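Presented sequentially are two complexes of chain A, the first with chain B as partner and the second with chain C.
Coming up: the complex of A and B.
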């Protein structure tokens, strides 16, 4: 069992967490015309990096989203932060 | 290549097995080849073999960073089947099963393809309806499929859980009789030996570190053993496809996950088919040595670490204990993980990479062992002709842009 740290609840069992997405993907402005290629990139393209990664996870127990830095080879958790900058 | 045969076996047996010789050479790489295949797993080796056999292209190098089949080809649970829902997938995977049916003869290497049947259980009346739908879809796709009721499943696999208090009672299932298992290493080694005999250089312990691009065209690779130029390139590196994409400057819709498998201590024969329970995702077959070969769903966390994850182990092994309570106390001998390349629609990517001169065969996720002959056949076709075979066309990378996904995860409920 691995322990992940929710920025709100503290250290918890990995089974309480759900991987959501790679961090830093920005949804295209859908009020403007978007090419199929741009939309496909947004929907499907993954960096899928080997080594240090930044991802959005959910702690399903408190239902909060947060950012986690991990190493995708060693599986070590390097840090977790709330998504909201003011921490509220 | 000196042919393997009954006569040869007898002769070598009587003369101390000293005359077998090496199955393939270990050449030093040349400076240039007509074609380069990156990745010495089943798909890469099969690609090289079909380049030579079908297209007469023999000045080819297969470049492998480790040893042959040391990736997923040597780590999988060896299930071969084509029980897919969509016509595009059925055509692709059944092409592969048909090649497997003749592969031992074709390669002069026993790949031990045992068509012992692939049974998918149904645990409720609604699941029986879905099983009937699956069975009909398969038949419409020209595949062999039979709908079995509870008694028929019981006759086939009495070791399954038929207790009254079963959490997932067996209502019936769908079987593909032509499905079964093969010997994974033999598939890699058989293709390697046959490709080598046709003049192909198989280069192990040589990692591709970068692509060489000139005027927008990929013309070779930089490796740990130096630069090697190629007229046309193909990549079949499974879980490391995104790492190569980053080097080559193209985008992929792939996420890498660990997939685990388990082998038990050897047992007397208890199961002579492959069984999958969709309720838990656990599937199991019994190897010729008697070990139960057990697999299940993907790990929960994207990963390049070739090891397991406890929560998934619990699900898979709990699933086995539920499916076959009589085997709950069986001990495990080994367990391991491999890194699989998962696409959004659980279908593979075969086609141009977006960089001229570089073609892809990847995205097989948890199910590409069964597809090794087809994957190699179609990547070779692409590299030789610069155009798709009609069976591989639907699996082009452009489907993510056009929206023409082949969504097998949703369609046939197969946990890729």
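Coming up: the complex of A and C.
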């Protein structure tokens, strides 16, 4: 059981959290033509890095999204920030 | 009779005698005994049978390393299987039986299996029972396999407490190093918990002559007292069974036989591992005969239980740590003969008990053989935490290396077998400093299995894995240790290889001619000791597993004799009244069609979406266009995933240009809320949109049927209900008895319907008023089952029931937004993909059976006449009580273009002719809906 730190509520058990997406993924402008490959990349391609990663998570009990840096190998949480302040 | 009780010594209370029975015969023991120590004190040699060959087995070790003594124990009307005798405290009146043996461990009828061992080697199942078919043999083999039998009795009070706790320092193991570490940390002001799996702390201290110049027992008492005085918490009878992410340590605390253990989830800022070390067996011919025991275990039996395990003991040891144990046994009056295994191969003699030992052709009498093949530090928890292991050639053992978490190993667990050094390490670790392993005086002569040597040499005592099995596995190319383990079942017994693994690895290394570290180890996984599954769920089971959501009107439904069932996480009325369920449901459906039905719609999601950007936001998350929705109007629509698949269907109500209510499926509210929040905060300006779930704050009473308008009118609400003034898919906000009331004219049945919502506290009054008015018009309450039939007759879908993980909105006939909507919306690009434009998509259709035929089975496959290939499947089927014939909805390949085509429904080998039709069996023109 991991402990994540919600920027608003503090450290909580991982069962209170919901993974949203890898951070930095931008939705293509779908009113413009987009190739199948570009859309498929947006939908399915994950960086899935080994080591430090940046991800968007939701603390489901307060419903706030935030960015979390963690290490996908050691499971260490390196930091969390509110999403809107992060600007990603 | 070989073992005996000493006149003095040990931690037992000789003034408190206890009785037990083993395999039907009465014996005696004392308070402080384990089942194993009591049996040994009574001279019992054979305590069980091995798993495969049913060979006689004696006690090997004094604690968790014993793989042999597994019992079914009955006490006070409670029976538990697979109780490890070496770690279970004896209680008065225990009725103990060996598992895997009948009628007794001593005279086991399956003992003859051993004669066939030549044909029962590793992997014999796979080789022998492959022809003609494994399934022919499986029942008989399954019956023979397994150890104890689970009792049929259900113990309702056997429920494990679940404790969440945290500490600064968790010290695991209360031996000398652990005690000093715990005391040091506590005296520094840290919150320290010390756990030990024995009934009291002390560990290996009991075998010492003196500690820091004091009597070991007094030293232990003093350390414990100082620790507790400094605020430390001691948990005895408690095993740390696993280390998980972020320094969460699982602890299991025992409370005696038949009582559910307590599970602790202990979050420790740092962990000190003082788990000690185990003695390894020596692999030699016939080393499984009862009476062959662990040397350290034999010393433990003396110091803890006052039991001398044999009279004439041969000691086969290769290491310096053996001297202390030999001194203990010598002091207890045992006659000891040293056999140096370095001088030549050793063979144990005897069948049902040790009768001698020979080396280089010289045979000597012995009734007990005590083995010490070197100490193996208990590094299981270290590995759970992801710590590395380093091979130490001097100690011939894996020692803790680098740890990714704040965990320090001290004492024997760290390969530090010298007492002075162990105490120093404990003190250092307790003070929070890093421990550097010092030089060691410990030495040993490497003594590992020798492939090709004669005799049957046991490696895994419980699972009957011999050296020859390891050699065979290597010959058949199962050379990876993980393959070796699974092919031979080495290390897969109840002790999980605590005695077997090192010998197995070493044997494989030797066969391949490589070093032990080159072979590697298998993965160490929790739990360290067997734990009842119960301990993991505790109260979190049955109705507590996923607690249902409750309706504000539940009491009234119960009073009306509702059958309350779970629908998507909500406890809702399925139908009302006692008697034939099908008939009651049919009556309710007919009543709603001919007169009026009232049902509780409170569970429908009511998510408020507000703010200046609310409209644009909803337009983006909905497939349908929301920008054209005017205040006072409703729109049915779909939310899609980015993959274009229908995620939820529901109705959006516009209260004002900046205020909307999303009415999503009852079972989907939490998910839709997450979905909306994710898009609101990630991709939109969260300061201009506000999302708030008001589902529980409002109760909704739905009135449906030809008389619905009259029933609502009878409430006396200030609202013109005339069909011209209050059209289908519009909404009125009004008041009722001074409270806010919302009336939505929207239908899930195909008849005129009104959804009336009030604050939850007013729900009962509204329900009673509506029911009374409905009765006046020949109607009444209907349950969800009737509603489900009515909606299917009309072809209204339930997402997840009539759709699957591929269904897109145009598969359901809703293709206009896909063609006409110009603004972006979630899932839009996926609807323009090649996959979305296939003609061979599964589309929603109705199925009509032949006149007089029975209703189809839900889930039946749709196939071409005589065909074998599934074109889709039936999602809902019912013998409609209102239409008088069966109806069915189905998802069928290219279904929208096949209306009128004759196909077959295939179910469990039988076929039924059906005709594909539009998915609407009731009021296709919508006259009743708009009436």
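Everything below uses one rule, namely that the second predicted complex is superposed on the first by the 85 of 88 C-alpha atoms of A that agree within 3 Å, B and C clash if a C-alpha of one lies under 4 Å from a C-alpha of the other, contacts with A are read in each partner's own complex, and residues count from 1 in each chain.
Rule of thumb we're sticking to: a residue touches a chain if its C-beta (ideal position, glycine included) is under 8 Å from a C-beta of that chain, and two chains touch if they have at least 3 such contacts.
Since we're looking at a predicted model, the values are computed, not measured.
> I'd like to know which partner A:9 touches here: chain B for first, chain C for second, both or neither.
neither
> With both complexes overlaid on chain A, does A:27 touch chain B (first), chain C (second), both or neither?
second
> Just chain B (first), just chain C (second), both, or neither: which does A:65 touch?
Touch status of A:65: second partner only.
> Quick check on the superposed pair: does A:49 touch chain B, chain C, both, or neither? Answer first, second, both or neither.
So A:49 only meets chain B here.
> What is the contact status of A:19 with respect to chain B (first) and chain C (second): first, second, both, or neither?
first
> Give one of first, second, both or neither to describe whether A:75 is in contact with chain B, with chain C, with both, or with none.
Both partners.
> Of the residues on chain A, which ones does chain B touch that chain C also touches?
On chain A, the overlap between the chain B and chain C contacts is residues 1-2, 14, 18, 36, 43, 74-75.
> Could you list, by residue number, the parts of chain B that touch chain A in their complex?
It is residues 240, 242-243, 246, 251-256, 300-305, 309-311, 344, 400-402 of chain B that touch chain A.
> Would you pull the chain A residues touching chain C in the complex into a rising list?
1-3, 14, 18, 20-21, 27-31, 34, 36, 39, 42-43, 56, 58, 60, 63-65, 74-75, 77, 83-84
> Could you please specify the touching residues of chain C with respect to chain A in the complex?
Residue list for chain C touching chain A: 244-246, 248, 265, 267, 386, 404, 642-643, 673-674, 677-678, 681-683, 686, 691, 822-825, 828-830, 833-834.
> Can you list the residues on chain A that touch chain B in the complex?
The contact residues of chain A facing chain B are 1-2, 14-15, 18-19, 36-37, 40-41, 43-51, 53, 55, 72-75.
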